[in-house]
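In what follows, subunit A forms one complex with subunit B and a second complex with subunit C.
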Partner chain A sequence: MKIMIAVDQPSLDSKISDRFARTAYFLIYDLQDQKYQFINNDIETKHGAGPKAVQLAIDNKVSAIISAIPGENAMDAIKESKIKVYDGRGFSAKEALEKFKNGELKEVSTTHHL
Partner chain B sequence: MAIPFRLTEDRSLLATRTMKIAVLSGKGGTGKTTVATNLAYVLHMVGKTIQLLDTDVEEPNAHIFFNVNYNHEENVQILLPVIDRNLCTHCGICAKSCEFSAITVSPKYIMVFDSLCHGCGVCSMVCPVKAISEKPKDIGMIKLGTTEEGIIFGEGIMNIGEPSPVRIIRQLKKHIDPAADVVVLDSPPGTSCPVIETVHDTDFALLVTEPTPFGLHDLKLAIETTREFNIPIGVVINRYDGSYKGIEAYLDKEEIPLLMTISYDAKIARDYSKGFLFSKTQNYADKFSDLFERIEVIAKC
Partner chain C sequence: MLVFQMAIVSGKGGTGKTTLSASFSYLAKDRVMADCDVDAPNLHIILKPQVIEKREYFGSKKAVLDQEKCVMCGVCEQVCRFDAIKFDGNGYSVTEYACEGCGACTIACPAKALQLVQSLSGEYYLSKTDNGPMVHALLKPSEETSGDLIAEVRKLALKGAYDSQIPLVIIDGAPGIGCPATSSITSTNYVILVAEPTMSGLHDLRRIVETVRHFRIKMGVVVNKYDINPSKTQEIEEYCKTEEIEILGKVPYDECVKRATENAQPVILYDCPASDEIKRVWENVSSKI
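Moving on to the complex of A and B:
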């Protein structure tokens, strides 16, 4: 199972980004073999950053996303593609992955910020 | 005695030359509409054939200063993709081709984001199985008419919720009247696509700013943007009281002409708030005439 995590820096110790689609990097982490890679996100995207990020998740066969609360367009695409999103605000990528494995992260189902 | 043929020919060439002036600002609320409407009015009163186009289609307000008799309305549409899900093979070529990420494709689903679509049609062109057709959608309208005084008038109005006014501005500009001596385009604020669409194919960019650090900051952005067009530019400082010199210093350094100042005057603000053209009563008719003469001189260089 692959997880996509929006992070500020290309490091497992990086904090989860405050934004989903306009984050600086995406970490794609494979829980089976623990292999991972960082993808440089094009933050200059002017339109459609949300759907573009979700397309990246689909293309990488990701089953879950850990990030801040995605925007409306991203959320629509996420729901349609049956990918689950988890709120990782306040954690590092490493912490968030541990919490995800233990089922401690809260699933995000709406774009309304809490 | 008959006028030599060549001379009349030259004159007719001069007479048919329409000068298109885009009034823009970068920062909002600096006085684009104030300058555009008063300039149009004053030039009309000195006998020129004037067309005023309000390209700020998200909040058109130039009409407030005139009694416009509208005689033409038309819808503005874009074509949105419609996916035939029985034909779609989820190959993803449409999503990769879309400049605006308006389509997302997964192995099982395909999703079109109408609000991101710019209606370019590339998805239906690249689809290898012809699963994408197009349906028109109204995004706004164009209204044309003439003001009570006789100024040729046009404006675009964007429907609420639409993301991009560019198509509306483009369609409005198709109504530029070649019979007009001067076309004044009242631009939206900012420096993004709607402003680019407005400035495109004009002869002069008239930048309106205010004497504040904010005005200067956004004026610089607007000037950088306008320079891409290689058209002459000039600046008007509105609400001018001489206390902030940052704009003049910048213009001097960049060798950009300051064409006019409008005083920081409560009477002007009161007129504006009532939808009244202040050049009608105050001594600004000559100033706007002078402004145009300077624009003409610069534009001919």
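Moving on to the complex of A and C:
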């Protein structure tokens, strides 16, 4: 299972970014073999960042996203995929991964609000 | 160190966001101010920042025509859906304000005379004010990437906070519920909604509440000029009760606010009922940090 995490720096110790689609880097982490890579999120256009980031998740066969709460456009795209979103606000990538494995991260519902 | 980010927004414009922000900027002991209304900023009028660092913001791309290469075929004018390319009798030229940067002309041009080039969309500044740093920006006319510029303003404000070990960023947010507003509030720790007791005030309050809910952020409401329409204020209070949103305070209509604004000063430097209530709201808000 692969997870995509929006991070500020290309490091496992990096803080989870305040933004999902406009984060500086995405960390793609494979829970099976613990291999990971960082993708520089150098978005060219200023529009449609949300759906583009979700497309990146789909292209990388990601099952879960850990980030700050994505915006409405990103959420609409996520809704159409089978990807789940988890609230990673305030954690480092490393901490969030641990919490995810222990089932301690809160899932962000795509269907209803609070 | 953790930095607490607080945003002051409203669905409707002109409800008193900047009035409240300017006062908070004086009441908070240690803060970085971020004016995120980059389309029509005016917090700087009251806080009179001294610019320390100016940064250029390149938000969009625009078509640029190389006159040397142009073969005057006019294909670009035909394909431009925004009527941004015109023939003036001597040659073709691109109207910067009309160009949307779609790139159709660059593909259609047989002479490769048109290119998309990053264009300067605005500027943003790290400044100092009497009681702490301030980040603000200015978007150029006809530019539309304000949400992205706001993201840059907030990044610089947060960096300023970490660099100077200041634990609080106060964001004077953009009005509405669209991109600029969401960019002002995303990943903040607390949102203050300023509402006025009018029909559109309540209508737009409901919309911004939905938006803040989307981002799962705690919020509270300040009713400004609450006494100009007691029945609407009551409606706002009832709405907030149903939605379980705290009313942080109710600021009365006060000629003193007008005087403060005319003198480009924050209200809390004056001794008046509005000032007293804003101070009380601040006490309430600062207990959330």
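Methods note: the second predicted complex is superposed on the first by the 107 of 114 C-alpha atoms of A that agree within 3 Å, B and C clash if a C-alpha of one lies under 4 Å from a C-alpha of the other, contacts with A are read in each partner's own complex, and residues count from 1 in each chain.
Convention: a residue touches a chain if its C-beta (ideal position, glycine included) is under 8 Å from a C-beta of that chain, and two chains touch if they have at least 3 such contacts.
From a predicted model like this one, the values you see are computed outputs, not experimental measurements.
Applying the stated clash criterion after superposition on subunit A shows that subunit B and subunit C collide.
Look at A:K99: by the touch rule set out above, it reaches neither subunit B nor subunit C.
Legend: residue contacts after superposition of the two complexes on their common chain; A:D18 is shown touching subunit C, with no touch to subunit B.
In the superposed pair of complexes, A:S81 makes contact with subunit B only, with no contact to subunit C. Once the two complexes are overlaid on the shared chain, A:K52 sits against subunit B while remaining clear of subunit C. Overlap of the subunit B and subunit C contact sets on subunit A: empty, with no shared residue. Residues of subunit C that touch subunit A in their complex: 59-60, 145, 148, 151, 154, 158, 182, 186-187, 210, 213-216.
Of all the residues in subunit A, the ones that touch subunit B in their complex are 45, 47-52, 54-55, 58-59, 73, 76-77, 80-82. Contact residues on subunit A toward subunit C in their complex (touch as defined above): 18-19, 22, 46, 68-69, 71-72, 75, 87, 89, 108, 113-114.
Those residues of subunit B whose C-beta lies close enough to touch subunit A in the complex are 92, 95, 98-109, 111, 113, 115-116, 118.
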